[in-house]
């Protein structure tokens, strides 16, 4: 089966599971979003919303975003949505001197990974 | 359809040899209730605790808050698909325990969250602090996976609420409240000149700890659908959403959906309240488009003049909210949005993750980023260690003197996006 | 009695109009000009002990030096409070009022207050840090503004809690604070919907900030004598990226000297934009910042002159927090350098 | 950016490859550019023709600056 998406993620659980289409980056969410923003500016389309779930990007260390493999004319919605997501994340990172996402223990990290993974899995189940 | 709520005001909850409701006091036989819950083989043990208004008590972490209800007559039973069988609800009589709720506690994940303070400054941020609360503390069997653990606690909470309200079944209520809601075709004839209004209830279904159930069904991936406001009062919508306590819609919010209650108050007077459209907040952009197009088209097919839409959560749901606004307004349907904000510690940031110029009528239920210092409480129900790791908490959350410095986003229901509480933001 | 130092320009200081705009800072005892009415309105709770007067041009042209002198003059008086203006819609005067208030607040840690027309650049720049009473466009509104200034000044001096903008008359500072209401959120929402359906006026609780469109600035009248600046969000910077501008949605910007250049040589300038294949921009940076074309147009006399620096950043075309902040700084820099218009290039 | 600078009374023309984005962010004077990697150029042209193209775009931008506009305006040829 051919994969119709690129899965841009900083969640190690995706790497462990050898998730199809994975492009893993060991970085924080803001940097991950900046990277996706560049992809989107050069013509990739966002398939999933960057701010998935209800756990804020300054709280969970992990987000995963699905984007299109094909590149075309830059998609205005995707470009603006990434800018908004980056602005939202930047503002939340400023809430505390050390953002919450840097402070978790291993058990919490594993749970965040599992929730992020579950959201992307469910998203692909529902929206093939 | 007609539904009557038989209301019983709870002044206190006490543990006793036998469960009953007498003189405003709800007596609970722990052993009997435990036996009922332990029928679920995924629960290894269960204990209960009580929190009362004004006490120096903090409950943490909280998963869901549920108002006890039990149907006395009519079709189906409360929480259909979980407690009751799948059968249409929203008619007959339902017994309700007022000033009372169940708060399910228990650590499902290591960052589990949600605070209710029964006194002090934290108590000012939700209505739950003014209620008598029964807290079931549920221990799952070892090795239970997170999905099943969440479902186990969710269902145990619903069962507890039903069990509590059932104690009033043979009693005369102190107060009754009746709701009548005609069929759509009848309404059109009855109120030809009133503006037709729909409530768009956006529910979140995205994955583990991010799901919502209607008649027991996880409504992920559904096309938007219609539901009667009276079904909602009988627990047709149940929360499985465990993230972001300040602005998730707990089961009690669904049972008492304040937007539905207020629309019914106006129904037949200055508006004609047609019904509720349920729309899912998906993680995928295509689904978001589909949901908003489908919802706005249902509104058009029904022929409404205006909608009020509420969201659940923050971040991606703002895109659904704005799309719903845009598509409805483009169809000439006047739209009001209900939300909350994360506009920073000082309130200077832009508080929404998405915006649209059509959104010219927005109600905000507060800034979840406001920090509060919560004093030490004499009694902790749940797990104080959870305070270290909750949403809005931080590693230094617990001071040497036992105080807790958190964002109000950590307080259950503080910025409820259905407008359950009495808070907004003002620009200064 | 609490001591106040008041700041006004040469015009309100009754020294002269535009011809006296180069006046160096001077200090007079007691209230001068509008200070008299303000003093009276303070009704004995505080008094203006001295007035600092400075020419608008002098302050605009001598930036930090003028500010230092004025700060020293204010500090000598050991005041409890500092008030400037009202500056109405006077651009240079308004900027001076805002700049000095902000500096006094930071340096002397005393309450400060001014009054400006909301679209005065001084108000745009300093409303976040300084209480600015909303003034009408011209001095014809003096009698309405003075009582509001006096009333807020008294509160600031006594440490009383400051109310919301609608109550106190100041320009909103841009902070959203939680506020408990009588009606719950649902009731407020349904009421709003009913009003909207009836076509009655209603007030949204959360205006959409990104879409507060700005009225177009008036067109350039005299292109032949105009000084024009180049701005790019396309990430063209000197080799080595001296300001460390990020490759997407940058939080920084740079100002780079092009006075000696007739085009952007590829060995001296490069692209740090991460959003597209940079090879074309690196081959010829003029493809993003059209310096070569601008120079020729300048020589042909089509424009007065090209400003001798250009401004560069990456992405951030939206009016989000970072972008807004540095766009304001860029605008300030342009005003200071008499730039009359700008060409912004993006990818 | 264009919007914020204009709020100070300085006219700004936005030469931009993706016009919808420029519109969305509130620029008032917009001139469409050639392409994203080379907004004011075209590597397929000779150096001379490319310069002519660039100068032409800049002249268009200057014309936009000297034109009074009511609201957001895209200056097409």
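As written, the chain order gives the labels A, B, C and D, with residue 1 at the start of each chain.
Going forward, a contact is a pair of C-beta atoms (placed from the backbone, for glycine too) under 8 Å apart; a residue touches a chain by one contact, two chains touch by 3 or more.
Because the structure is predicted, anything quoted here is derived from the model rather than measured.
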By the contact definition above, name the pair with the higher C-beta contact count: A-B or A-C. A-B
Chain A to chain B, mean C-alpha position gap in Å, rounds to 28
Chain A to chain C, mean C-alpha position gap in Å, rounds to 37
Roughly how far is chain A from chain D, going centre to centre by Cα mean, in whole Å? 33
For the pair chain C and chain D, the C-alpha centroid-to-centroid distance in angstrom is 25
Send over the residues of chain A in touch with two or more other chains. 41-42, 80, 84, 87, 91
I need the residues of chain B touching at least two other chains; which ones are they? 343, 349-350, 355
Listed in rising order, chain D residues that touch 2 or more other chains are 17, 21, 24, 36
Just spell out which pairs of chains touch, all of them. A-B, A-C, A-D, B-C, C-D
Using the touch definition up top, name the residues of chain C that touch chain A in the complex. 246-249, 251, 274-277, 315-318, 320-322, 347
Chain B-facing residues of chain A, complex: 46-57, 59, 66, 77, 81, 84-85, 87-88, 91-92, 94-96, 98, 100, 103-105, 107-108, 110-112, 114-115, 118-123, 125-127
Across the complex, what residues on chain C touch chain D? 91, 119, 121, 124, 210-211, 213-221, 223, 228, 231, 233-234, 275-281, 283-284, 286-290, 292-294, 296-297, 302-303, 313, 316-319, 323-324, 327-328, 330-332, 334-335, 339-347
Residues on chain A engaged by chain D in the complex (per definition of touch): 41-42, 73-74, 76, 79-80
Would you mind writing out the residues of chain D in touch with chain C in their complex? 1-17, 21-22, 24-29, 33, 36-41, 43, 50-51, 54-55, 57-59, 61-62, 65-73
